[in-house]
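Input: structures, listed below.
Look for subunit A in each of the two complexes below; its partner is subunit B in the first and subunit C in the second.
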Partner chain A sequence: MNNGRLYRRIAVAAVLLSLLAGTVLMLILGKNPFLAYYNLLQGSGLAPKAKYAAARSMWTDLSSFIDFWTPMIFAALACAVAMKTGLFNIGISGQMLVAGFLATITIGYSGLSAYLAKPLVILIGMAAGMAVGALIGFLKYRFNINEVVSSIMLNYIAEYIISFFIQTRFVDPVSRQSKNIGAAARLTLQDVAIGGYKFSIPLAFVLAVIACVLVKIMLDRTVLGYELKAVGANRTAAGYAGIRVGRSMIVSMAISGALAGLAGVSYYLGYFASIQPKVLVSTGFDSIAVCLLGSSDPVGILFSSFLIQVIAKGSTYMSSQQGLESEIVSVITGLILLFSACSAFFMGLVVSRKNAKNNTKDLRFGDEAETAPAAVTAAVNRPAEDKGGEEA
Partner chain B sequence: MQTQTTTGDYIVEMVGITKRFPGIIANEDVTIRIRKGEIYALLGENGAGKSTLMSMLFGMYEPDEGEIFIRGKKEKITSPSYAASLNIGMVHQHFKLVSNYTIAQNIILGAEPTKKLLGFIPIVDEAKANREIAEISRQYGLEVDPTAVIEDVNVSTRQRVEILKMLYRNAEILIFDEPTAVLTPQEIDSLLGIIRALRDGGKTIILITHKLEEIRQVADRCAILRRGKLIDVRDVPGMDAREMAALMVGHEVQLTAEKSAAKFGDPVLEVSHLVVENEEHFQTVRDVSFTVHAGEIFSIAGVSGNGQTEIADAVAGRLKAKSGTIRLHGQDITNMSIRQRTLAGISYIPEDRQQVGLILDFTLRDNLGLKDYHKEPFQKSGMLNQPVFEENSEKLIDGYDIRSANRGSTMVRSMSGGNQQKAIIGREIEQDASLCIFVQPTRGLDIGAIENIHRQIIAERDKGKAVLLISLELDEVTELSDTIAVIYSGAFGRIAPAEDYTTSMLGEYMMGVAKDNAKNGGGNE
Partner chain C sequence: MNSTMINNIIIDGMTFALPLFIMAIGGIFSEKSGITNLALEGLQGMGAFIGALAATLAAAAGVPDDSTRILAFLFAALGGGIYACLHAVLCIKFKANQVISGVVINILAMALTSFLTKAINRTVFGAASDKFILAVSKRITIPGISRIPVLGAFFTNVYPFEFLIIVVAFLAWFVLYKTTFGLRLRACGDNPGAVDAAGGDVAKLRFAGVVVSGALSGIAGMCFAYSILAKFSGDIYMGYGYLSIAGYIFGNWSLLPTLAACLIFGFARSGGYELVKALGMPSAYSDLVMILPYVLTLFLLIFLSKKNQAPKALGEIYDKSKR
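And now, the complex of A and B:
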């Protein structure tokens, strides 16, 4: 169907619009927007800089960009799986933190050999995220607690409890963060010397690409994916068809949580090696915009996460080159995220425009009806009336 | 094509209208001219393009080709609100009312009479609204209580509210899209009376319906559409039902299905002392017992809202029984999940096709596999087998004449109402279940399709299936049933073989006037 094509066009338009808004902002500030955008590419290792420090090059920048990109792929996939089921997982950051923390204290400080430690970090991260996700799903199913509310609350609980433990037991007195984990447990290989340059190799990136493929297959080709999408598109009809709606929601949140857990370990035990207390990373929240921009589709997410992360990563270099305050740079990144989140809205707008021409408004929205934005509006506006009703 | 012929006779002229959707031409060069003050019926098979044609008149979409003249003046109707300004109103098949507003609030919504508080603050003049509504109701015999809240009133009242909404906005041209599909026979009679009164009051009426009898009763002229094209426009007096039907489908149709005597087998479904409560702990089903045998069509007749759909939902597992037992082939299924019951051999056509029976944003192919996707060969070790889905959908589309723009790949949302219904019917009959629960199976279907489905239902019975039929359509009940139970206020007034009832008796039991404490059907227990 031309559904996908239309969505892609809208996503591209949203990105262009946001870059345009950034351009206007920079012109007002008297900066050259083209140079600034070029700086973004340079900062992410996609274009050569004028000069490099010792043992650095465009390629080392690129590898560290990929390192930075990896957690976002996992996080956006986590968002997508929930969204396809009509759920809104806003607790990805909390799930990342729980996963990162548990993997850090169990394996990160253990001194196990790399061959044992790395797989264990991944497994523990997944399991921890999965447990939190499943808990949210269970609360919804059993007590009809809206998943948005419970995940926000769990975010706080995770943030403060974990801060408490870090500050009382695992703190590094100098950095005021948790002590660095051992290199053996770290998912990113540090300072790998190749041809005179020092690379950081993100092993989890391979996993992220595999996860994209697996999630895509899961959603499009499996019985599980069919059930999750049915629940997302029409809970009543899914129940009528014999699908256990409550169970599907728990499963979906568990998968989403597991992916968030992977995002957590690739962030806290990959890109970084420690955890800053009392902070929830923005990756989990930004991933929602990334997911929407990628129309909740794993392939779309690969592109949208790349784009957003280029901007996020390159912005430090941009601010130093252009003499822009980092706050302004954050405003520009924020604008881009805002516009991408709006792409769902634009989609709705275009569809309803088309409807005015093509469709009966009462019962049809034509074949353009896009599940992702529908799911978002549903998730955001949904009162607590929906039951995770399930027949034993 | 002669376009500019606009005589003062016609209030609505749609000339050379063509509307295409990707993959299908919904209307092809259709020209209709409607005189002021007549009842003009639109007749046609499911998917013939009736709703599409009227949606263009009501501004919900624009024609690709052709012109529309209103009162002789060429108009480009770009939105429903513009249509309203031309005094065009439409009652949709699915009502659009705010359920927690009162009737009066719903009627005035968007066109509120205002008065000035303290001379300058505009507020809604409810008193005036109520006065005006009472006035209009009296004029056309549409009694409603303006202060009642929508969610507390029944379907036919809601429909009156929709009609009042149009009249309140001074609509002169009233479009009704399948208004009688949701009504009981008595309600239909009263609606037809209202429609006549409206015409006599000078309104112009366009009526879409699949029921030839209704056209015969009220319409002055009738346009017949087939596959998007206008076949003929006839004066209704002097036309007979058989001829209309033949014009509509393009060949002779048999108007009553032939049925041989039933051969009852073993009991399939045994329901005893079933009680169902709703969320407010009100008993919607009170102590109901009955048995359906293999090879029997057992109908529950009744005015809508008397607990019949709750019985169906309880048997299918969508509602929990408060007490009582449900047995299938002697096995107690009272506490089984929906899936377990499906596997045990229950298929179910639910009352609400759009909310319950279908996933509108899935393709037709995926919807047709909704009950089977978890079985082999639809899936193998958790992976869906797309070719099997495709094969299944091709089979059902052809077997049940499901019409859509792109066959299996069509989004169900874009299909015509009747074709959505056919999709559910096909899927459920092909389940090959030993008990088929059919609620309003032929709602919104054209006569050709109805006869086809009736034949299929009888064929299922003759294959030894047990059929539990719930229908508001008395003709359907009397034509198909072997046994009829009449329900009133959640309890059965009578269970007896179909031959034992006369139409007037059925009516009395349905209204709860007559009652003989129903014994369990089929003599079990």
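And now, the complex of A and C:
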């Protein structure tokens, strides 16, 4: 059994355990868990509902689900690129907000034609996210500031400053959110009628799949990807091997930020058309769960983001059908995160057991770390986190 | 700038700074033992949730106000401490990455508390609500001293929990620097191998450090719930946990400089609010003031992160076989 397969088994176990815990919670509250889980599928357009409003069908729900799924793919890729370099980008939500806001006020309100506006939205989103990401990487490299603390601070600063500008300049008095952007700048085509039904067509989804492929190629097939992973695996060793560690960290955070920016524009200028002040979307935080569950691998992320978003998207419908608090799904996501965080331990356990069985003659203790797969080691073996690698 | 303004800055600044300080003390206990603790945010939220739940239940049962408050703080410390065990188990037993574990603990705390608040409100109290309303704690003004100009403000309109925090701070200093336990705990963060060789149990000591941080964070969360918020709701997750982390990094993991950092955060916040009020600016401007502590944190970290020395073995998983 290779490590990829082993990891997939552990990931599936983590999901099943979390769903089981959710089942227990629902039973305690006196609800039918099977119906609730089926509602999740119905809400995401993966199973037919009992009745639909006019011009809506299961496929309408599915197209809206894909629209909702797109930002998460970008966000989880953003998390993965940083994670491979041994950095933890918890500022994805903030980067999304900055990108979404800047694209909204520059292009969203501009009245440019669609062919000009849409590419510009994407470029501005990427650039804005990249700038914030690179700043975090720079602070880490130059001043040894823990990237978690600095990105959280930037999250709050972005949240309040943007909320200030929305409330003083761009507010819609009825919705209390920023004014809706023009349809030309929107990355999702709304209410496209095909065969009597209306669909939302998320153009950014194509981009998300392309991004998955590009990130995969970058990480597995290029010198840059190799350097990033080397820095993630062991900063000191990478430095001795002649890799410019500081540059790698900044580049990694810049790429991560750019992907987060894409998540931001596909969320605020795609799935939605406005920004709610004083709120950081949970997508950025949930993307950590997605990334861990998909073992920071772009292909794994496609699957795990699909799963997490089905749970998230279906929660509203489930809540209305079962009278259950929709927050229960964030509990389930949180539990998936919890179990995935332990996955490295279980992998080490299984691998060391197999080793003990296979080479009973050559029994060496304490070798789990060496036998664990590169992906896991990259995410786990970074004890030098807060020390800036001064142990050399 | 008149004297009531200065008084307000001091009074509000202290009610914000002291809970941050007690949370930072918790963080110091955990990090001195070698466990990175980004979970403070979640720990204070969970503590406040348990405390507020206890207070609401006690109030419903007719317990008098004063005893309710004491009960709330006890349960907050207990809740935070027990929830912190999760972080300890993840970091020590399951050898999870401590940064990831901390963030997981935070996300799970937010999800759990908001779900449970709604579910309990619906099933127990039969109300559709996402918060537990708490009365603002009563305040004490010490007669005599409070009449001194400027300094007197430190003794005016003081919440009782502020005294509790000062007592706990002294206790924490004594335990950390004057007992064998404290010595060993600090050694765990610098050289766990040496503690092991001297017969100390690294895993147990680190576990204790994390649990203490949970209990103290729980108390801090309850302070916020009883003062700034006057309720428990999702609003408790305002990033104060991260502020206190910045506080002890700025304070170089020692108590008095950390207190200074927390006071700066507190006064920056209350000073900004007073300024908005004094200049008669519209309320949207208070959003700009809200970023003051965060901006200040970033700047302070820029100047101090390089110089400051974290515990040597911070974030390292202790593996006996690799000694």
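For this structure, a couple of remarks:
Just so it is clear, the second predicted complex is superposed on the first by the 325 of 392 C-alpha atoms of A that agree within 3 Å, B and C clash if a C-alpha of one lies under 4 Å from a C-alpha of the other, contacts with A are read in each partner's own complex, and residues count from 1 in each chain.
Here is the rule we go by: a residue touches a chain if its C-beta (ideal position, glycine included) is under 8 Å from a C-beta of that chain, and two chains touch if they have at least 3 such contacts.
These figures come from a predicted structure and were not determined experimentally.
The partner that reaches more residues of subunit A, of the two candidates subunit B and subunit C, is C. Legend: residue contacts after superposition of the two complexes on their common chain; A:E327 is shown touching subunit C, with no touch to subunit B.
Of the two partner chains placed around the shared chain by superposition, subunit C is the only one that A:Q167 touches, whereas subunit B remains out of contact. Once the two complexes are laid over each other on the shared chain, residue contacts for A:F34 go to neither subunit B nor subunit C. By the touch criterion stated above, A:M153 is placed in contact with subunit C alone, subunit B being left untouched. Of the two partner chains placed by superposition, only subunit B is touched by A:V223; subunit C is not.
After overlaying the two complexes on the shared chain, residue contacts for A:Y52 are found with neither subunit B nor subunit C. After overlaying the two complexes on the shared chain, residue contacts for A:Y240 are found with subunit B alone; subunit C is out of touch.
Residue overlap on subunit A between the subunit B contacts of one complex and the subunit C contacts of the other covers 365-366. Chain contact summary for the complex, subunit B toward subunit A: residues 21-22, 51-52, 55, 60-62, 78-80, 92-94, 96, 317-318, 320, 335, 337-339, 342, 348, 350, 354-362, 366, 370-371, 373-374, 379, 382-384, 386, 409-411, 413-414, 417. On the subunit C side of its complex with subunit A, the touching residues are 36, 38, 86, 90, 94-101, 103-104, 107-108, 110-112, 114-115, 118-119, 122-123, 239, 242, 245-246, 249, 284-285, 287-288, 290-291, 294-295, 297-298, 301-302, 305-306, 310, 312, 314-317, 319, 321-322.
Chain contact summary for the complex, subunit A toward subunit C: residues 29, 88, 90, 139, 143-146, 148-150, 152-157, 160-161, 163-164, 167-168, 278, 285, 288-289, 292, 325, 327-328, 330-331, 333-335, 337-338, 341-342, 344-345, 348, 365-366, 379-380, 382-387.
Within the complex, the subunit A residues that touch subunit B are 1, 221-226, 229-230, 233-234, 236-244, 355-367, 369, 371, 374, 391-392.
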